[in-house]
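Next, two complexes with chain A in common: one pairs it with chain B, the other with chain C.
== the complex of A and B ==
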């Protein structure tokens, strides 16, 4: 049953009456989103005394706003410092940081915020009216389909590696190998943990993210003593309101990209266990694939910032759909929200939309309001936030190292994670110095375990039949799309070569 | 072919070998489906193959994979920073994370990056207060504390 427009308008007015709470929650969300090692889940856990004490609708408004804002905030440090605030914003570094280095950090921030908020609004709006249909999608996406979706993300390694295929594949392979460390996903047998208990759950993502991106970047800064070129510095110093408007214009010139990458994020988010990281990488890979100028990706172009940011915020709505519709949380933050809702006596599952539709639909209406509020609060701040890059690198590098080492320790509280961060920092630095792509490595670390888990699960369910991967119509459609997406770059190149060969012939006539 | 150019390939081979050795006692096949060792062994095999390809490339075209080595002063700065981080991690359990972080930053600013004394000390104080304020007081993270702190 779809909600009536009048009902949605009522919910909108109710959520908007708590604008001050949304403002507080989104501010906290953006700050913690930008802090590597600290996510929305930890923050909501720490604020449980508040969310458990207030009414359930107020608690939901607070949690949902904080959750959305944390996804948007992750892009700030990705763009300005090449340090992703969370896994979902790792793909933003690929083009966001090169933009900042050219002195276009403010425009990149605006693109990131507009894409996040438009993507979030589109998917929240879609979730309100298409919820019953999208809920069914979760039933059709099983391990077999997930294998193909994860492969979409992994093919990005080949795209990134196109400059030096062997080096790119080695970096991706290194990431996949690192991802294979830890207990296996079916039998929970610890493997290749080298006797470290701390590795039983696999190599934790935060120390890898911080090491590979933040520490290695700080070491590069210390080595070269500068981030911006002289020209870039001049451009960055001149940044003002004009640049904010320019960023908004660039974003809305790519409205269709924002919409379809957000939908990619929404669909991936619906699958429990798949998260914003895979959504962002898949969206980036697809945006590059269908771009007229794929060779410019990675050099600092607006499309490379818009696609991952729109997708990871689209994923926020998707994350909450299985929680509300079937009572299965799609991610860690959704799991914490489930605790709060259950404490307040909210019954999750299909009955939620009959017994308490104001809660079920209210979640997505709150998202809509939160993204609207953020659109007006974040954009004016970009010109000030972008000044971060003007801090002298001799001061910035030590601050980055000190803060991120604390961030690496915070999630699990193990000293071991600090050693791991240092290890990956040195590996990341060596990779950068020797021309190996650290993003390709990160894709392997994030997607490798997901691929293995889904392959093993599918084989286990089918009794070891490899044909299971081609047993469902949806999976077969996805396989065809995957093959097409792998062939398109070669076909485009072949066509370009053919045109180039024909043109001189035409000119000679 | 210089050793530094071949280091990534050698590291890949070492890691692959370590993964194969680390999964030695696990089943490759369990009942009707692949076991816990299946995936890592295939990945390690592919890793070794790629590394050997890279070594072959370097052998046939030594200039192709040549790595640019930074100048000696830059190497010293990076080495000292890495050493400083090791010192930070070693010191943390004894003096607490905030104090260890402050000492590390002071070392980095004054010794490695040769920054002026007063601005450096001010930066150290601001960051130490920031870590204490944000992580410990606001977010309630239990960082290793100084043994005699209140």
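== the complex of A and C ==
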């Protein structure tokens, strides 16, 4: 099943010969990725007449490139406007936007793109050569293990809330409650839907994202003349090519962070049903945990942009592995790709790599080429894209509200979603004004349903036995790591306090 | 091995042709005969799933005979309830709005979840396109080689079977099998066919109960143990798995899902001519050789393609509603 280098080289030559198609697809992908409410899945569905009409290899090059680019594009609005383009880039807001406010928006965009592309390339490359072993991960990561992995992400609520623990935990708890709205995962019994049919499938993520981030941010913007601080405005106005190079330098000074957070994304992506949102939050939480300066996370530091962006792009490869190797799509975009592949008569599953290896491995080679192409197309643009933030808020805020409301309506076509967006906009605004952390709330909304689904499923399989959560060796290892990750910050702090108490001179230095 | 047979010019031409096809319906005038506008299809499950694929495959050929193209909208949630509620409550009853669903699972949902619409007063299935059998299969590495192995083990401990959703004919099949043989079965819903199949392949559960066509692409990763029908209509695709009734001597009902087109019931009274046009052109699809090609590409074996008229669909719907009522306490939270 492992491909020869000659075969991979041939695939590279083939993919590169379609550079112009990759350029078109990645451009579309970045634009739709940056627009909340427009994702790769619905774009690929709209373009099905085209992908069904052309040869399967051409269709796959187009779809895969668009898919990768949409993950990369999500960070643009997260950084510049505090508005995530999709769930996977929500964690990027935490440090990306503070960087932009300091006038470092251009560097943050460069960090986001470099991390996305390096993360994507690393995981695509790993997938080519380690595919059989990676596919095996799906055999070990079941509901019980997923419960612990999701908990890693949820513990981020406590980290984020450290400035004001009570308010942070209240916001996170509220998010978890909002995430519990909708039909239950076993019997489809509606809960807390208040009779609204539109809430039966749960509170839709996009209106919540847009409301809590975009609308509330726009309302906050109106209160000041510019998004940037006075100092930040001066810095941003002076920005030129030097800042792009600086961003690249900052990114490659953290190469190892890009690599390991991408691998976190890849592993989480392999589990069917998990996705970029959880990958990004878990990677952020882990990066903060192992940082020497965890207290700086959330204030606008490069690590806080690199970790989620690298992870959500690492997740792209992971998403496609179950589709190709076992014939089961890991996410919505993969499901739509499956339509195209089966229509063209491609046999998915283990036989794919025997009957059509050029398609199976070609997917990851295309990813590598697409990320490579994006490196050259996106980085020069950061200088110009970052100037978006210089637009006066009196102009920017109404534009944001108008555009994002379209995005809130687009995925499901319900007027209800527009009202829901405005409702969450007001909630988000009130949270910001009163010091409740909106990211903590969003983590609850995104990860709560995933946690509940996996907990309910694990209990159902075990016949309601709570000891099932400690029944697998891998889960037990993850539990230990989770507990360690919860204790480390307190122990480090305790040690610092102790050192300071023992030697006051150390503190003064 | 690799061929590069598409140039930039070819790409633009193909893209333009594909987009032109999308634009065709807008040419028709307001006074033209039905249908003069694009048909709007509501799918009560997610995009990319088996129902979506089957709808697209059928409509691709149907568009030729009907003279209009189809646009799709997806309203998944609560085992299909959201889609049906949206269709009945928010879509105009004009025969341009169609719903494409699966009679079996969605009538079980109707009987167990008490939605606000009424069958048959509000909705009417006017034609089914196929009949897909429920099956039980296990992962390729499973120790269970036959349905008898599974039943015998089920007498010693509870067998776990994944399913996309509890209100599903295969769930009723598994529960009826347990009733008839004394085995114990616990159904585990995964909220989608993909995760349900992955759970069985990766060994999280003992097996999977689902429709046959959705599991055919799994090749040696799946071992089919039995079919809930009186005979296996696709033995060569299912490792020659037996009909469960024949293998075990049981008298379980036939649990085949029919994917069918539906309209608002009032359309049949207000626009009988439109319904007639839909029905007559729909029948032509089954004789079109192109349909065989696209249906098989969409993953449905030709043996399962089978037209059923409105009366047959209604009979099937009522049969499933009755079966669901029998097993309601096991399929829903209400006891």
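A few points about this structure:
Heads up, the rule we're going with is that the second predicted complex is superposed on the first by the 502 of 509 C-alpha atoms of A that agree within 3 Å, B and C clash if a C-alpha of one lies under 4 Å from a C-alpha of the other, contacts with A are read in each partner's own complex, and residues count from 1 in each chain.
Quick note on the criterion: contacts are C-beta pairs under 8 Å (C-beta built on N, C-alpha and C of every residue); 3 or more make two chains touch, one makes a residue touch a chain.
Keep in mind that what you see is a predicted model, and the values were worked out from it rather than measured.
Touch criterion met: A:57 reaches chain C, while chain B stays clear of it. Once chain A of one complex is fitted onto chain A of the other, the partner contacts of A:180 are limited to chain B, with no touch recorded for chain C.
In the superposition on chain A, A:142 makes contact with chain C only, not with chain B. When the two structures are aligned on the shared chain, A:10 is found in touch with chain C, with no touch to chain B. Touch criterion not met for A:381: it reaches neither chain B nor chain C. When the two structures are aligned on the shared chain, A:413 is found in touch with chain B and with chain C. By the touch criterion defined above, A:130 reaches neither chain B nor chain C. After overlaying the two complexes on the shared chain, residue contacts for A:189 are found with chain B and with chain C alike. By the touch criterion defined above, A:460 reaches both chain B and chain C.
When both complexes are aligned on chain A by C-alpha atoms, chain A residues 42, 184, 186-187, 189, 413, 460, 463 touch chain B in the first and chain C in the second.
Listing the residues of chain A that touch chain C in their complex gives 10-11, 14, 17, 20-21, 41-42, 45, 48-50, 53-55, 57-58, 138-139, 142-143, 182-190, 197, 200-202, 272-273, 322, 326-330, 332, 334-336, 338-339, 342-345, 347-351, 358, 412-413, 453, 457, 460-461, 463.
Contacts from chain C toward chain A in the complex involve residues 1-2, 4-6, 8, 11, 14-15, 17-19, 21-22, 46-49, 52-53, 56, 72-73, 75-79, 81-82, 85-86, 89, 109, 113, 158, 160, 165-167, 186, 188-192, 194-195, 197-199, 201-205, 217-221, 294, 297-299, 331-333. The residues of chain B lying in touch with chain A in their complex are 5, 7-9, 12, 15-16, 18-19, 22-23, 26, 30-37, 39-40, 43-44, 46-47, 50-51, 53-54, 57, 65, 67-68, 70, 74-75, 77-78, 81-82, 85-86, 88-89, 92-93, 97, 101, 104-105, 108-109, 112-113, 115, 119, 123, 127, 130-131, 134-135, 139-144. Those residues of chain A whose C-beta lies close enough to touch chain B in the complex are 32, 35, 38, 42-43, 46, 166-167, 169-170, 173-174, 176-178, 180-181, 184, 186-187, 189, 191-194, 215, 218-219, 222-224, 394-395, 397-399, 401-403, 405-406, 409-410, 413, 415, 418-419, 422, 425-426, 429-431, 433-436, 448, 452, 455-456, 459-460, 463-464.
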